[in-house]
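Here it is: the structure, laid out below.
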Amino acid sequence: MRYLARRGGIFLITLWAALTVNFAIPRIMPGNEAAAVLSTFRGVNPAAEHALEIEFGTNVHHSLISSYFSYLGNCFSGQFGSNALGESVVHAIASAMPWTLGLVGVTTVIAFMIGTLVGIFSAWSRGGKLDGLLPPFLFIISTLPVFFVGLLLLYVFSVKLGWLPLSGNYDIGSTPGLSLAFAWDVFKHALLPGISLVIVTAGLWVYSMRNNMVTTIAEDYVKMARAKGLSNARIMYDYAARNAILPNLTGFAMQLGYVLGGSILVEYLFSYPGLGYQFYTATTDHDLPMMQGLFLFYTLAVLVCVLVADLVTAVIDPRTREA
Amino acid sequence: MSTPPALLEVQGLTIEYLTDAAAVRAVDAVSFSVNAGEFVGIVGESGCGKSTMLFGIAQLLSPPGEVTAGSVTFRGRDMVRLSAGELRHMRWRDFSVVMQSAMNALNPMKSIGAQFRDALLAHERMPADRVKERSAEVLTLVGIDPVHLHSYPHQLSGGMRQRAMIAMALLFTPQLVVMDEPTSALDVVAQRSLMLKIRELQERLGFAVIFVTHDMHVVNRYSDRVLVMYAGQVVETAPTEQLFGQPRHPYSRGLIEAFPSVTGPRRELVGIPGSPPDLAEPIKGCRFRERCPVAFAACAEIEPALIDVEGAQVRCLLYSDAGVVGERERSGAPSDG
Amino acid sequence: MPGSELEAPDSGARAARRRELPRLLKAITTSRKATIGTLILLVIVFVAAFPGLIAPDNPQAISYTPNAGVSWSHVLGTTSLGQDVFSQLLWSTRQTLIVTLLVSAIATFLSTFVGVTAAYLGGVADRAITIVTDVFLILPVLPLLILLAAYLPPGVTSLTIVLCITSWAFQARQLRAQGLSLRNRDFLVSAKVRGERSLYIIFAEIVPTMTSLLAASFLSLAVYVVGFAASLQFLGLGNSGQLMWGTMLYNAQQQSALESGNIWWELAPGFAVALLGAGFALLNYAFDEIGNPALRPVKKKRAARRSLPRRSRP
C-alpha cells in the first residue's frame, strides 16, 4: 500500500506542477507577447480579458498569493475560462476530445501489440535473422520525426496516388451519424494519421520490449525454468514475457506523453480536428486560456494512464505489496 | 570383478565462448566421472570455469557459450548429442539443478507452489491434489512448513529460499543434483544447517551431488571426492581426505593453505599471488606456472597431462616422467608445442 | 581467497579510466551500426562546417524563378521565393547541428549533475530530487514545449532554453542509478577521507568513470532533440527567417509545397532531420550494446569447431 501512496503522491504533485506552470507562464511572458494575447480577447471576450489581466498580474488589486489561490480554486471547480471564440474551454475540449481519443487510443493499442509481439519474438530468437534486422530497423523508424513519416505518407498516398484524403476527419458533404458510410469516411480520414503514429510508436515499444526481454531472459529464473524442462512456450510466456512487461507497465504508460505529442503534430499535418489541432490553432491565435486548458488536459491524461498502470502493477506484481 | 558403470561420465568436455572478437576456451578437455550416491566437490577460484562446466554438464549454457567438444554421458546416454525433446524429458526427472542465489533463481512473480507445480506438470499429468501433496512432501523434507507454498520468494528468508530451491530440485527424486555454490549467499550458521540437510537428504534418497564452490572448508567437511580446477582444466582430483591430507598440485596446496582451520594452530595467512591467465590468449606450457612457487624451466614449455598418482590424478610436471600431451591427444583437442 | 588483486584504491579508478577510451574506439569500429552512424554524423558535420564548398548558391538570395522544378542547376528545385533549395538545405545544417549539440550537451550536463548528486547525497535530498525528476518525466513534452515556446520571443535562444528545460530529466534516472552503484567504491571513500569537497568528488571522481554512459546519454538526447526542435519550428514556433531545417519545413508547409508539386522543398529538410536523428540513433544503439553485453548480436558462425548437432534453443 505504501507503493500506491507513493504513486498517488506523484500524481498529485505532478498535477500541482502542471497547474503552477500554467499559472507562472503568463507572468514571465515578455511584454509584447502578453499584449498579443490580450489583443486577441479585446472586445470579443471581456470576461476572459479581465481574467487574463489578473493572470498577467497587471491588475494590481490582487496580490500574487491571492491570485494563485483563486486560480487553483477555479481549476478545482472546473472553471477554465473561455477561449478566444467566446466558448468555454471545457466545452471546446470536450467536443474535440473524442476524435483524438479515438485516434490515439486505437493507434496506441495497435502499436503496443505489434511492438510487444515483435519485441518478444526477436529477443527470443537471438541470433536469428529476425533479431538482427527487425529491431534496429524499427528503432530507426521510431526515431524518425513523426511529422516526417506523416509527410511521406501524405505525399505518397494523398497527393500522388490520391487514394486517401488529405485532411479533416470526415468529408464536408457527409452527414455524421451511426451509418456504415460515415464510419468508413471517418476511417479513411483517420488512416494516414493513424498509420504515422503507429509506425513511430511501434518502433519505440519494440525497442523497449526487446531490451526488457533480453534482460529478463538472461535472468537466472529463466535458466531455472529451462533446467526444469518446461516447454519453450511456457518459459517464454510465463517466465520471460510476463516478467518483462508487467513490472514495466508504468514505464510504458509514461511514454504516452510522447505519443500525445506526436498526435499534435499528426493532427496539424492532416488538419484532423482533434485536440492537437486545437492546440495548434490556439498557439497561432494567441489563445492562452485554450492552450492552458489543453496542456492541463494532456497532463491529466498521462497521469491517469500512469496511475492505472501503477494500480495494475500493484495488483499483479507481488513484490510491490510489501514495498 | 567389474565396477558398476558410473552415473555420469564426462569425457574431454570443452566449452567455448564464441564471440565476434575471439573464442575463449573456458573449459578445456575436462574428464571425470561421478558414481551413484557420490558427493563430488569442484573447487577453484573465480573464473576457473567450474560454474561454466557445471552448466555445460546440465546443458544449460546460454549463447555465446557452447559445448564444442567432448561428451557428457548420463545413464548411458550422451546428453550433448540428445535432441531437445529427449533432453527435456530427462530434465528434472533424472537430474536437477540448484543455483547460487534462490532470490534470482526463483521467479519473483510466482508463488513457490506455482513454481513447483510448473515443474511437476511439465513432465507428468498429475491431478491437482497429487501436485499439492508432492509439493508439501518435499517442503517438509527440507524442513519448511507447507503453508509456504502460497508464499512468494521475497517473503522467505535467505536460508528458507535456498532450502525451497533444494526441495524443488527433489520433486522427482532425481539421481543427480547439480549445485552451483548454493551456500555462498548464506551466513555460516545457515550454511552449516543447509549442508547438513543436503547430506541427510542425500543419504536418505541416494542421489549423487556435484557441488561447485570456492569454499574449501565446505568441501573438506562434506564431499567424498574433490576436483580442483584452474584456468579451465582439472589440475588435481582425489578422494577428499587424500586431497586435504596430502595435496599434490602446488595450486591445491595453495588453496588449502589459504583457508586456515579454526581449531588448528595459528599460522600466517598465505595467499596465492597473481591472477589467473587470460583465456583468450593461447598459453604455452603449464597454466599455473606464473604463480607457482615451485615452477621450473620445463613448465614453460611442456603442458602437463593429467596423470594417475596413487589414487589421485594430478596435472603437474613434478609427478610425470614423460610429461607431454597424452591425455589431450586422446580427447582430440589440438596439441601444442 | 587466494589470488585477489590488491591494488591501491586510487589507481583502480585511474586504470579504469585509461582503459575506457581505447576500448570505446575499438567497439565503435567493430560494430556495423556504430560505423554507419559515425559516417552519417561525420558527413553532416562536414557539411555544417563547410557548406560553401558544396552549395552552389547563397541560400537566401532571391535570384531564381520561384517553384522551379528539379534541374541540373537546382538539384532540389527552388522555394516559392526563388531561392535554391539545395543551398538552403546545406547552409541550414550548421545552425541545426549547433542547436542540437548545444542542447544535448547542456541537458546531459544537467542530467548528470542532478542524477549523480541525488545518488551521492542520498536520503531526503535524493528523494526530493527524484520526485522533481519524475514530475518532469511525466509532463508531456511537446505540449509543454509548445506552451513555453509560444510565449517567448521566437528564435534560437528561446528554442535552446525550452529544449533544455524539457530534456534534462530524461537521463537523470539512469545516471542516478549508475551513481548509486559507485557510491561506496574505495576510491570515493578515500576521496572523502582526504577531505575533498562533495562537488569535487562528484565531478572529478565519479563522473569520469561514467564516460560511456555519458556518451550514451548524450546520443540518446540528441536523437530526441533533433526531432523536437524540428517539430517546434514546423509548428511555427521558431523564427522563420533563420536558416534551419525546421524553418524550411515550416515555410514549405505554409506554402503548401507538397500539394503544389514543389515536393523537395518540404521533403528534403524532412529527410535531413531523419538522417541526423538516425545517425545519432545508430550510434546510440551501438553504445547500448557496448554498455550491456547481453544486448549484443549473437555470433552465428563459429570459428573452427567440430560439428556437433545443433539443438533448437534458447
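Order as written gives the chain letters A, B and C; numbering starts at 1 within each chain.
Throughout what follows, contacts are C-beta pairs under 8 Å (C-beta built on N, C-alpha and C of every residue); 3 or more make two chains touch, one makes a residue touch a chain.
Bear in mind that the values here come from a model prediction, so they are computed numbers and not experimental data.
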Self-check item: Highest C-beta pair count, chain pair
Solution: A-C
Exercise. If we define chain centres by averaging CA atoms, which chain lands farthest from chain C? Would you check?
Key: B
Quiz item: Can you give the whole-Å distance between the Cα centres of chain A and chain C?
Solution: 23
Exercise. Provide the C-alpha centroid distance between chain A and chain B, rounded to the nearest whole angstrom.
Key: 52
Quiz item: Counting in whole Å, what is the centre-to-centre distance of chain B and chain C, each centre being its mean C-alpha position?
Solution: 47
Practice problem: For chain A, write out the residues touching at least two other chains, lowest number first. | Solution: 126-127, 218, 226
Self-check item: For chain C, residues that touch 2 or more chains besides their own
Solution: 297-299, 314
Exercise. Among the residues of chain B, pick out those that touch two or more other chains and give their numbers.
Key: 62-63
Exercise. Using the touch rule from the top, collect the residues of chain C that touch chain A in their complex.
Key: 33, 131, 134-135, 137-144, 146-148, 150-153, 223, 226-227, 230-231, 234-237, 249, 258-259, 263, 266-267, 270-271, 273-274, 277-278, 280-282, 285, 288, 292, 294-295, 297-300, 314
Self-check item: chain B - residues contacting chain A, complex
Solution: 55, 58, 60, 62-63, 88-93, 96-97, 99-101, 104-111, 118-119, 122-123, 152, 154-155, 168
Quiz item: Which residues of chain A touch chain C in the complex?
Solution: 9-10, 13-14, 17-18, 21-22, 25-26, 29-30, 32-33, 124, 126-127, 131-132, 136, 139-140, 143-148, 151-152, 154-155, 159, 166, 211, 214-215, 217-218, 226, 232, 235, 254, 256-258, 260-262, 264-265, 268, 279-280, 283-284, 286, 291-292, 294-295, 298-299, 302-303, 306
Exercise. Would you tell me which residues of chain A are touching chain B in their complex?
Key: 126-127, 218-221, 223-231, 234, 238-239, 242-243, 246-247, 316-319, 322
